[in-house]
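Please read through the structure below; I'll follow up with questions.
When the chains are written out, they are named A, B, C and D in that same order, and each has its own residue count from 1.
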């Protein structure tokens, strides 16, 4: 990040067009490298000024709902040790605007697009997926951590039965590759993973945020108006890694995208050794817009030295 | 963050047609003004060249326990030197206040949408406490344009720490501290002169929410256009995370990229 | 920690005998200050050389089992961002040795003792509690996160029904104040908390560690031989805080000890504002033997400036 | 860790009859020996006064992302100066290698149980790679005692980076690098002289596990007492967390406090 040595040789230049040496495949969809962005930390309208989005393995966009959602009022963020707690409340312009505004621009820019889907009820998830069925998104990522009225307010992603019912229904609406994104806030993530795969999920991505909060000791009150939010960042890295390892041990074949605390090629590599096909970089992009590209280039150098792992990924396989 | 092997540079970004991302810049001066107010100056040609009044930069501490971005209005630009001015109120400002010339600091910017300024108008820059720094830069911008002029109206808790800085740029300066009154007191004092001045008047204000609401009401009651520069806790500062929202007439808007400057009437304060 | 200014005035000296200004009460047991040590991070034989253990609000000792447990083989620890992952496997000399070796010395040293209880089956928990029933420990803390054969290998602390069965049984064996220590690795910690209180728990302590792991990128293998372990340290702080807040919201009266990521008076204070009666300092003591005393002294200065909170605690109440 | 308001001092601890806890000490010298081996010296009178051969200190990085303790054998003591010697193998050693004289570092110690030495014996200090540093201190201790003597037998990967340091203390030094053989080769070479020497011989060894096992077997086959200094990943370094265990005949023992020194025969290696 220093401006001391403006070296211009390509291999050190994040901006120069780059021929990626190690690709991966997620549920049949080729990614030019194993690093994507995590939903909620990437908006094309903001990121386009900082790097060429087509350079990423994929981009997962902000969760879209049937109609625009306002999100939570007041302060939505609080700092935490090696992390951050956020409670955006899934504010988004809604699927119709997404289909007109963000998706076309992303495809025009050459990005591999994963459209993240949000909903507060099974009907809402279904409405969004139906509208996305024939758009040119490359994959769908169902965020099953949204509070769900059809599941009594708790999220579908915490109850295998409710999850199977939802995914079975969504499966019938589209044959786009469908990723189910898992929450770590469960007793046994492998039960949830199995329920998702058995009801038609083509791939899994994990983890979403951990439940957390901070309190301002000068007022005694929560910093975030919504009180609790989602913890993300390097602090959650070992938790995400353990989730991928345990799900991989139970489901040897399902494609897995590792998410949680990745801010370097080395951490991305740990997820690949835990059995992931690919990874997504979330909060690191909030601290530096080019973080996802940097992680992808760092991982590429590490994979250069690990041909067996690199070849396995390129063929759509995983280390374990 | 782990030591990144790649350190993208400003020139590499610009050559490729992109905006420079987070970068490590040298600090050239750290002035301790009054009670906990610090003026920090660093070298960044890109920000110096592009920043407009009310735009801000993110500063980052080197401490992974406090990794979130800290936004500070660009207060003054001299050559490739950029100055910010802040009060020590928490972990980050505490760390920045202890930096010295020669140290490095990570930053991102310039960020956000500045005050909208046009020719043939007289601007009234109404600042409160640490809302003052972006108005100094605004005065600096206005001073560099012909057929615009500005009056600075600054309210302080006590020490008038910014008067000397804005005085070089503003055509007129009125300032007050809490013991004597507030900025609205000063605006009332200005009113007679304003009403005799045929040019269009535009109020640009930044400071505590209560103050900005009072100033906006004052302007509205007199048919004077008013722009406000808002504050909200941020996640990224460049429009990608939707964490920094405030309520407006037109729904929840991002302070970092829809703002920080909004038209007062768009805030829906006049209910 | 600098040795530059060997000031000897008492208020800056962690070692001088100290008259604590703000006490608390947990399930009727007075603590001279609200800061105790967390189980597994305090052994008298090691700590006695570093500070006077009677200065602490309380000390929670290493989990004791019916017979000595060997714990896990090989490497048991791995570093993580602002935290550490550990898989000791509850190695301990067993309750009989504890009753002869550690407890008497602790009581002789004037400590308020919380004896943490471990077991791999309901019978084992019961056997330990029965042996502790008439010892002079001040409180018992049941670690319900141990893998439990009677609950199919998963821990009792993840299943309200299994937990109620266990606590109901243990309640009959002793009238010592009994704390049930909760794991965050559950879908809804408030259900577990309710089950513990309704079956006889006098107090709750939370949180135990989060499930995590690390992988060595030079070998591709897990660093910890047991593969996964428990994540603790500042990284988990917002998670522990949210657990205390949510349980307090559901159970307004049960005494709660906040645990997780505390390494300063300020973080201890956040737990008190979240509704805890007291806190325990765990991993911070691994990084500095005197951390618990330092946290207690820092919290005391903060409580000096918050008389309403301090008075509430002294009377056995909580902020919320 | 948040900046602690309380910084306990060594003198406060000692006056109260306690062992000093974690403390921040000044670095006086950082020597870059050969390929990635660094000798770092800091000022700590307490460690200098109390440390014995095979005892170690914990060094802590200032980076909260790498907060775990890093144990290093005390390698040499001169007045109140304490030296450690380490290879750069990961995050912590990388950070320590980049420290300079005048910087501060947090440390705890001396920790662990040292080699047991007694009078009227000839010690053979068998070190391998970065197991060598604690043996230099051991040689230093022995040099300060009468009616004991020692032979240093050091094996290196390539550069003999520690010979010059131990040479000042050991009565005799044999060293070898991988290209020529290993420490057992040297022990065989020593054997004739040993068998003619009537004094009791005791082997003190520290280095890679394989090497120590071979040395222990060599000693066992010749009825020579042998003590080994073990390594294991640690959580606290002072005996409170039970993270640092290795298997012994008598169950899992803590390297940091039951060890790091164990009698070779207690390790149960001779199955």
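Basically, a residue touches a chain if its C-beta (ideal position, glycine included) is under 8 Å from a C-beta of that chain, and two chains touch if they have at least 3 such contacts.
Everything numeric here is computed off the predicted structure, so don't read it as measured data.
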item	value
Interface with more contacting C-beta pairs, comparing C-D to A-D	C-D
Geometric centre distance via CA averages, subunit C-subunit A, whole Å	34
Centre-of-Cα separation between subunit D and subunit A, whole angstrom	46
Interchain centroid distance [CA atoms averaged], subunit B/subunit D, Å	57
Residues of subunit A engaged with two or more neighbouring chains	78, 81-83, 233-234, 266
Multi-chain contact sites of subunit D, meaning residues that touch two or more partners	2, 64-65
Topology of the chain contact graph, where touching chains are joined (line, ring, star, complete, other)	complete
Footprint of subunit A on subunit C - complex, ascending	78, 80-83, 85, 154, 158-159, 185-188, 210-215, 217, 220-222, 227-228, 231, 233-239, 241-242, 245-246, 261, 266, 269-270, 273-274, 302, 309, 319
List of subunit B residues in touch with subunit A within their complex	1-2, 4-13, 15-16, 18-19, 21-25, 60, 64-69, 91, 104, 106, 108, 232-236, 238-245, 247, 251-252, 257
Of all residues in subunit D, those that touch subunit A in their complex	64-65
Residue ranges of subunit A touching subunit D (in the complex, touch as defined)	81-82, 234
Complex contact set, residues of subunit A against subunit B	1-3, 5-8, 12-16, 40-43, 45-47, 49-52, 62, 68, 70-71, 73, 75-79, 81-84, 86, 88, 91-92, 223, 233-234, 263-267, 284-291, 294, 297-298, 301
